[in-house]
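Look at the two complexes coming up: chain A is in both, with chain B in one and chain C in the other.
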Partner chain A sequence: MSVIAPNFKLSEFIKSLLDNVFWIIFIVVLIGLPAIMMVLFVIEMPVIDGELLTPFLALTWIADPSRILPIVKAFMATDIFRVMAFPGFGFAALIAAGTIFIERKMLAKLQLRVGPFYCGKLEGILQLMGDGLKLISKEIIIPAKADKPIFWAAPVLFVATAAAFVAFIPVAPGWVVADVEMGLLGVFAVIGFFPIITILSAWSANSKFPFIGGIRALFQMVSFEIPLILSLLGVVMLTGSLNLSEIAASQSSFPWIVFLPVGAIVFFITMLAELERIPFDLPEAESEIVAGWLTELSGMMYGLVQLGTYLKLYAFAGLFVVLFLGGWNGPMIVPPFPAELLEKGIEMGPIVAGPFPGLPLFTQEMLNGTLWFVLKTVGVIFFILLPRGVFPRIRVDMLLNLGWTKLIGLAFINIFIALGLLYAGVLGPGGLQ
Partner chain B sequence: MADAAFLALAVITIGSAIAALELRSLIYGSIALMGTLGGIAGFFFLLDAPFVALFQLAVYVGSIAVLILFTVMLVKRELIFKKIEDKRRKFAGIGLMLVVMVSLGAVFLDSGIKTITTDEPATDFRDIGTDFVTYYWPALILMGLLLAGSVTGALVLAKREDVENDQRAS
Partner chain C sequence: MTVELPPGLALQKVDERIMTLNVGPQHPGSGHMRIIVQIDGDYIVACDPDPGYVHRGEEKMAEYRNYITNIPHLERPVIHDSCNVLYPYVLGAEELLGIEVPERAKYVRVIASELNRCIYIMYWLAIYGIFLGHSTMFMWPAGDRELLIDLMEKMTGARVTHAHFVPGGVRNDLPPNFEDVCLRQVNYFEKRIKEYAAVFYDNPILISRTRDTGILSRQDAIRYGTTGSVLRASGVDYDLRVKEPYDVYDELDVHTNVMKEGDSYARSRIPWLDMMESCNIIRQALQKMPKSGSVRVKLKPNPKTKGLESVYKRVESGRGSLGCYIVSDAKTEPYRVKLSVPSFRNLIALPNLLRGEKLGNMPSVYWSLNYWPVEADR
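Then we have the complex of A and B:
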């Protein structure tokens, strides 16, 4: 028996659903269909293959796989699909959502707790959906003396910037939203926008805790950007390219982490700091300054910032995979597409479905590349989440000391290692790769 | 297409530059300054120089604008600025601006910019790099030493032992 809704009855719930269905059918039949027919009466339908396109014919085509598959394929080649669905926002948001759930569950297991449990039958798997619904339905409260335009714009800008970051990450050969020559520089430029949005959001709330958190975030992000950029120069030197797809493709035999472990470690630590993860979560230190720069955000504004944070986490993990772990490269483990599906179709007793001539929507290389990319990214995300269960928060002065002295020094050592490998002839022209 | 983009960028750049000067709120002024710097990055994109454009974004919008914002936020405006405003100053300022703009424009139009052909291919950033290490190497080494000096200075500042606070981490 649920405590939250004591008068809940399943029968009444089903009855209300059926009610809705009835009214929808009623309105569609009485108003919708005549309206469509009237519109069709006015519009001149095109003639395709010598046949006049009638609604009946259009419905037949939609049900016919040999007709609909080319349309799906053509849609998948468009930019809209890339931006919204596969290598872009939808894919990243899916991984981000998975990350949130795995983080809560894994943290609970590490600390001998249960974690989300009640929402959904299996291990609280619907908890995320419940949280999302709660965030959407909550009231958005704006502080009375806040600077309203900036306060409203900051969460949206945060998500937009994170999505722009995601757009640079190549997932499989040829599957990237923005395949630009200067991909890595674009990443640096996009990373530079996060502290601005953070500090503007913090300032506009006109409240103590957000402002302290924002100043901390600014310190942390700006000072860790320098070792971040320096630690990636080694990879750029060895690859001779700033295009992320080319960098990933250059690691077909060895990932760069084999040659540049120092750079990879420095990049990983700066990544934790840029993402405000524990042990560098000073901007959001719950035990000191409530929730840091997120304190005054409520409802879906907070939800947007969280979404942006996890998109950023995915993008950073993807960047680590592309730069140091070989991107999509890996042994071919996806089986080839069964050829009899194209010629004969599926035979199930008396029924034959198919054949499906245009079927392999994705090539084998693309599926394999995506699989390896996702596996590696999930592994990196696991290692980003892991310190949260283990480490305490470090102090501000320790953080700045680490960033400005140790990491920058190590990043320079990494550059010299890369130069040494290049001039010794181990890598580069005539070398291993 | 390029003309429309150029006009839009010009409007953004000049408009936000005026806003950066004229807005009473310092924060909005610095946001407008960011718009100006971003618009200049857009001009570099239009000129087929994405390398310079992205560095413009990363350095000017990403770092310098952040520094300005940060400084502005820690400043109490009333303590520094006294409002001096009268009509005569305003008109004198506008007149001065017009004189400067007209003379700069005259110099610009006189410099033979109309006869430049724009069909040449865009310069690759690798060529710029090659030029740097061959023809302009003294300047490069000077810049390198300067940057190394500033990074070392930053490291020394970060390492500095603060006498007042003996609780600092080693």
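Then we have the complex of A and C:
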């Protein structure tokens, strides 16, 4: 018996499901099948390999690996797959969703409580889905004096910018949405958009607390962008390239964090500030300015900003991994694809399935690279989440002091370390000399 | 178009740069009150606290109830500190009715009152933590409070509003084996709050945020009439348990914690030290308490006072000195009950502390005053 719904009865539930199934079959048979037959009556079907394509033949081809595998492979080579699914939005959204769940459970364990528990059978694993449904079903309230077009556009722009950021991150060799030569410069350009969107959203709400929050976010992001960019110059000098895939490939023997720990620390701290996470969550400081620049956002507008925030978190963690922790490089732990499966197929008693000429769908390097990238990214995300349980929030003047004096100085020290390594001849473009 | 505002709310526009913020009553950083804050950039130029949103007329209500039925509702202003808020009323009623309290009951009262002080301070600390954005410091005290709440439940039968003190003693005797359980829980509690120092009080970010903010000098602290932790954080050695001992506090060794800085950090550290001191007092009281005896004097069903007389009693509550002034006119109900609450007296210092501070310091300075809105409004 469920705790949440004490009146729940399994028999009633199954009965209602069967009711639904009955009606679905009823409607499909009465309306769907006649409609398909009428369309087939009009359309002339193509002839493939000497066979007339009928609906039944098409269904059998879906189960035939020798016909479906090449189609799947061709689809995976297209841009639409890369943008929508694997290194792009879908993959990032999956990691973002996992991050939200891990954050809530981890913080709960730290604070001696349980966290999400009831939603979903296993430790509240469906909590995020419930939250999303709630946000979608809520009414969107726009302040009367808001500048409506900009106010509407800001959350969408925020998610779009975060998704554009994700496009630059190489996950495995050759698996990146936008493999451009000036990749790092593109990343800086995308990061530069966030403060503009934030201040647009805050100002267009025409309300006091969002305005103060937006100004704070603007201060914070603009003043931390400089140490952010400076801290990455060391890596660029040693690698001699702005292409993120090349930077990742150059760390095949050692990650740059071994030689540039100062730069890694500066980048990590600026990353926390750019992500508005505790201890730098001043733009959303609830006891001072309610929810900062998110105060007037309601319903799914707030949900979109949250999605964008977590996409941004994934992208920053991925950037840290690519620049300092060696990206996809790591020991080969994924076993090679069994060769006899390609030539002979699988024998299961009297039945022989295969051979499968389309397999493997992914190369061994790609699977191994993705595995290492995900492992390192999750580790970095863990360290991004951890301060939330340990630190209080800092103040604006302390934040600006930290950004403009200490971090910029440390970033310059990091540049001098890189220059020293370069001129001493220990390291050069492309790795160890 | 100009809108006429009531005189208390009219804020003249001095400068185009100045923005008026209404912090509260529907604001996560205010409690049941409003603070009208004028800011110039990030600096607060003026601050006008506006309490009164939860006024319930407790004092007037007390005039229509007799001395016994007043007990469960006079503890309502601070339900987390219900024993201490009831203490002065009970002491005063005893003097008016001429009752002598048994020795064991006095010790039970001291134990209950110190446990309640810890429960209140834990709640206060939880809110102080979340005001500074430290969510762990919200969850830990809220969880560890349960240790003492369970003790109070064993002792009185109620988790929060105990109504345990009555004129003539306490309502019930202690349950069997209470001393051992209490000692064990209090020892564990003390070990637990020592861990708070590592995660909260010694945190470098917390220290840099609260040090040298909202400084209340010794002279000002006395001049504004602040009490309790606020007064002791400004370097005044003043604790009613030592200066005007009531019940059996004169037989116990009570140490007063004083800090000289007078800033938000000192004001937030003193309650934490007070909790340690409370644990010491509870251990002493458990040792010295008579092991058996009556805890309550039998009263007449509807006791009457002798004639027109008044009494003023005060105790050291979780927030400071809490006084109760009772006037009786030979009836079963008091003629007038006046509570002199520490929260309101501490709030008077707020505008002077916030002027010139940064907006980011507002929550820490405001809540470090050990202010409880419901008590101030009564």
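The working rule: the second predicted complex is superposed on the first by the 399 of 433 C-alpha atoms of A that agree within 3 Å, B and C clash if a C-alpha of one lies under 4 Å from a C-alpha of the other, contacts with A are read in each partner's own complex, and residues count from 1 in each chain.
Going forward, a residue touches a chain if its C-beta (ideal position, glycine included) is under 8 Å from a C-beta of that chain, and two chains touch if they have at least 3 such contacts.
Predicted model, so just to flag it, every value in this text is computed and none were measured.
S.K.: I'd like to know which partner A:R113 touches here: chain B for first, chain C for second, both or neither.
M.R.: The answer is second: A:R113 touches chain C but not chain B.
S.K.: Does chain B (first) or chain C (second) touch A:W404, or do both, or does neither?
M.R.: Only chain B; A:W404 stays clear of chain C.
S.K.: For A:A285, decide between first (touching chain B), second (touching chain C), both and neither.
M.R.: A:A285 contacts chain C only, not chain B.
S.K.: Could you tell me if A:L185 is touching chain B, chain C, both of them or neither one (first, second, both, neither)?
M.R.: Touch status of A:L185: first partner only.
S.K.: For A:M271, decide between first (touching chain B), second (touching chain C), both and neither.
M.R.: neither
S.K.: Identify the partner contact of A:K208: answer first if only chain B is touched, second if only chain C is, both if each is, neither if none is.
M.R.: In the superposition, A:K208 contacts chain C only.
S.K.: In the overlay, answer first, second, both or neither for which of chain B and chain C A:R395 touches.
M.R.: The answer is both, since A:R395 touches chain B and chain C.
S.K.: Common interface residues of chain A with chain B and chain C?
M.R.: 395, 397-398
S.K.: Quick check on the complex: what are the chain A residues that touch chain C?
M.R.: Where chain A meets chain C, its residues are 107, 110-113, 208-209, 212, 278-279, 281-282, 285-290, 388-398.
S.K.: Taking the touch rule as given, give the residues of chain C at its contact with chain A in the complex, in rising order.
M.R.: Residues 19, 21, 27-29, 42, 129-140, 143, 199-200, 203, 205-206, 208-209, 358-363.
S.K.: Okay, in this complex, where on chain B does chain A touch?
M.R.: By the definition above, chain B touches chain A via 27, 31, 34, 50-51, 54-55, 57-58, 61-63, 65-66, 69-70, 73, 151, 154-155, 158-159, 168-169.
S.K.: Could you pull out which chain A residues touch chain B in their complex?
M.R.: 147, 150, 180-182, 185-186, 188-189, 191-193, 195-196, 199-200, 203, 211, 215, 218, 222, 225, 395, 397-398, 400-401, 404-405, 408-409
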